[in-house]
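Mind looking over this structure? Questions follow.
Every chain is named by a letter (A, B and C) in the order it is written, and numbering of its residues begins at 1.
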Amino acid sequence: MGISELLAEYGSKYLLALLSTWQLTLVSFALGMILAIVVTIMRVSPVKPLRMLGDFYVQVFRNIAGVSLLIIVYYALPYLGLVLKPLTCVIITVTLIGSAFGSENFMTGINTIGVGQIEAARSIGLNFFQIIRLIVVPQALRSAVLPMTNLLIAVMLTTALGSQIPLNPQELTGLVSYINTRTTGGITTFLISALGYVLTALVIGYVGNRLDKKVRILR
Amino acid sequence: MSSTEQTPVIELRHVDKHYGQLHVLKDINLAVNKGEVLVVIGPSGSGKSTMCRTINRLESIDSGEILIDGQALPQEGKELAAMRAGLGMVFQSFNLFAHKTILENVTMGPIEVLKVPRKEAEERAMTLLARVGVAEQANKVPAQLSGGQQQRVAIARSLAMQPKAMLFDEPTSALDPEMINEVLDVMVELARAGMTMIVVTHEMGFARRVANRVVFMADGEIIEQGTPDEFFDHPKTERAREFLDSIMEH
Amino acid sequence: MSAQVSVRDYLYEEPGPKTRRAIRMGTAISVVALVALLALIVRSFAVAGQLDPKYWSFFLSPATWRFLGMGLVGTIEVALTAGVIALVLGFVLMLMRMSSYVVLRGIARVITEFFRGVPSLLLIYFFFLVIPQYGFKMSTFWMITTPVALAASAVLAEVFRAGMNAVPVGQTEAALSLGMRPFIVKMKIVFPQAVRIVIPSLISQLVVVVKDTTVAYVVSFPDMLQNARVLIANYDALVSTYLVIAVVYILINYGVNQLAIYVSKRSGGKIVTQTNIDPV
């Protein structure tokens, strides 16, 4: 199938698929960040059971295979009385996985601060919450920019899981499978979707790098 | 020194501390009066840094008492924070806030803890930075400064809280040799201005010149104390003699 | 890096009596909350009848595990083959990326950016659906192994590059001053040291390969998930089977990650993963 023919027939579907990929990516990443913050707070809390639960959560969701999680959410949860839309299932899956890696990034960011600065802050009479607000959070956020940029790209790649369940509209990977099981679309069908991913990744990487250069903490 | 009736600014009574099996502070008794400069020396692992850090409770103690201006050192909360605000602390590794400018490092305490208006805090900070000789660096970040400059900023940061005493935990140990004096000069000037100071250090020249009293620690104990002349010229104990010999050889 | 003292432990100072009481209180409350949560989950299983022994008892039979194990062997074969190919390709890509020829560098750059920016599932569909359209016949094994290897090679190229850059410049300078040719210096002096630095990262990258391999059922390759589907059809036990499979994957990847951490602690190397490679 030639490219003009392909675009004439599937052009609008590709556009919808690109938008769908972007939507899944942004929503999952945003929710993932919120969850990552909650999990990180649990992991640094002085309450032992919360710490253990947070660590456990991260180990489970950074090691689980994406498909096997999606399958559980989409196919198994209905047996337990919880029926969710396919879109919701993809978002939940990607969010859970993304939040585990996000929390790891935050933990690394917190660890680069160093005990010394915390002690210095204590010594000038700052209380716990002031130390968190003035020293820990700003530094952890700034050193997490680059890892989070990469995570955003990884989240986008993970949304391709959407091709494994009946999603409507389809995202970029599902569409390639859809077209090629109906016609012989050829390599172009694949390249268009690939380009959608690669260009988005390049833009994310560029913006992330610029932001990182601006806020990076000299050490 | 002056009359023994006055309340010491800092007093440790029968302070004990363990790290697991290790007995790091053994029945420490020490009193520092207003305006006194106390220099603590001793081999590494002698507990001198630990002792210094217990005074503003960066380390807790197992038993005994620590009194600041006659008041028991609070164990937590607002009271502890307020007490710490009144004691300056200077660390071996400077510990400036990496994401803040030099000026912000110095104004953070006054603005956040003492609730001084920003403008006033900045003016006072600039005066202090000038006093320690780094006013031109005010808008840089810590990583752009040399170690000596960073340590002088750290001193200014502590002074900004208008502390009643200053604790120095090996302030020159992490510095290149050519930068040691610029930091010591600031400390000498502080001592001359009447600041109450506890200085843990290996700088014997500084101890001789500035200390009112030298405390020698080893194995978690205070072995002996006296005026610099007494201690350096006529040490009373074998341990102190050995220590002085070992550092004089080089 | 050696001592595992983290700021996590220093965010809080040694607690005073009031703080200790508050922490004890928080601990008690959170234990109660966690137990309640667990009870709620178990209850929802029970209400749905999913705790019925018929859904779980076949996991006690060795035959079940032998069958799943066969699938697991398939998964491992794909993962290891893809891993080896990716090592070689990644190494070549790294050499190209670091060569002194602009054209080679450009090509390598485009290849790595492409395969790092594309989901492996899309690559799998390419080999499964598109390639056969051009008359190429591939076994299902290679339909899954090739795309997984390609995706991993791009990441490994970056990992290798990070490792090469982590070797002190003095090593290169010293070798050059002995009169060695730059390429020989790269191969004989820098690369062996770089490998030692990146070994933990290579191990942890295996986790990504294993995860990518789990979609082998897409091309009908008999991996663990594919065999799980057979089990589900036989026993009508979807929930329990998928949960068990998920746990198996988690344990495998957890094991690989722990190995990477262990090796990195011993060698002092830092673990470089997809999410901490500098983008672009």
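The rule is short, and it goes like this: a contact is a pair of C-beta atoms (placed from the backbone, for glycine too) under 8 Å apart; a residue touches a chain by one contact, two chains touch by 3 or more.
These numbers were taken from a predicted model, which means no experiment stands behind them.
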Q: Identify the chains in contact with subunit B as well as subunit C, in label order.
A: A
Q. Is the C-beta contact count larger for A-C or for A-B?
A. A-C
Q | Whole-Å gap between the CA centroids of subunit A and subunit B | A | 47
Q. Distance from the CA centroid of subunit A to that of subunit C, rounded to the nearest Å?
A. 16
Q. What positions in subunit B touch 2 or more of the other chains?
A. 58
**Q.** Residues of subunit C engaged with two or more neighbouring chains
**A.** 13, 15
**Q.** Contacts with 2+ other chains: residues of subunit A
**A.** 113-114, 119, 122
Q. What does subunit B use to touch subunit A in their complex?
A. 56, 58, 78, 81-82, 84-89, 91, 93-99, 108-109, 112-113, 141-144, 154, 157-158, 161
**Q.** Contact footprint of subunit B on subunit A as seen in their complex
**A.** 113-114, 116-117, 119-127, 130, 134-135, 138-139, 142, 217-219
Q. In the complex of these two chains, what residues of subunit C are touching subunit B?
A. 13-19
**Q.** Contacting residues of subunit C [partner subunit A, same complex]
**A.** 5-8, 10-13, 15, 23, 26-27, 30-31, 34, 44-45, 47-48, 50, 113-114, 116-122, 125-126, 129-130, 133-134, 207, 210-211, 214-215, 218, 225, 238-239, 242-243, 245-246, 249-251, 253-254, 257, 274-280
Q | Complex interface listing, subunit B residues touching subunit C | A | 57-60, 74-77, 80
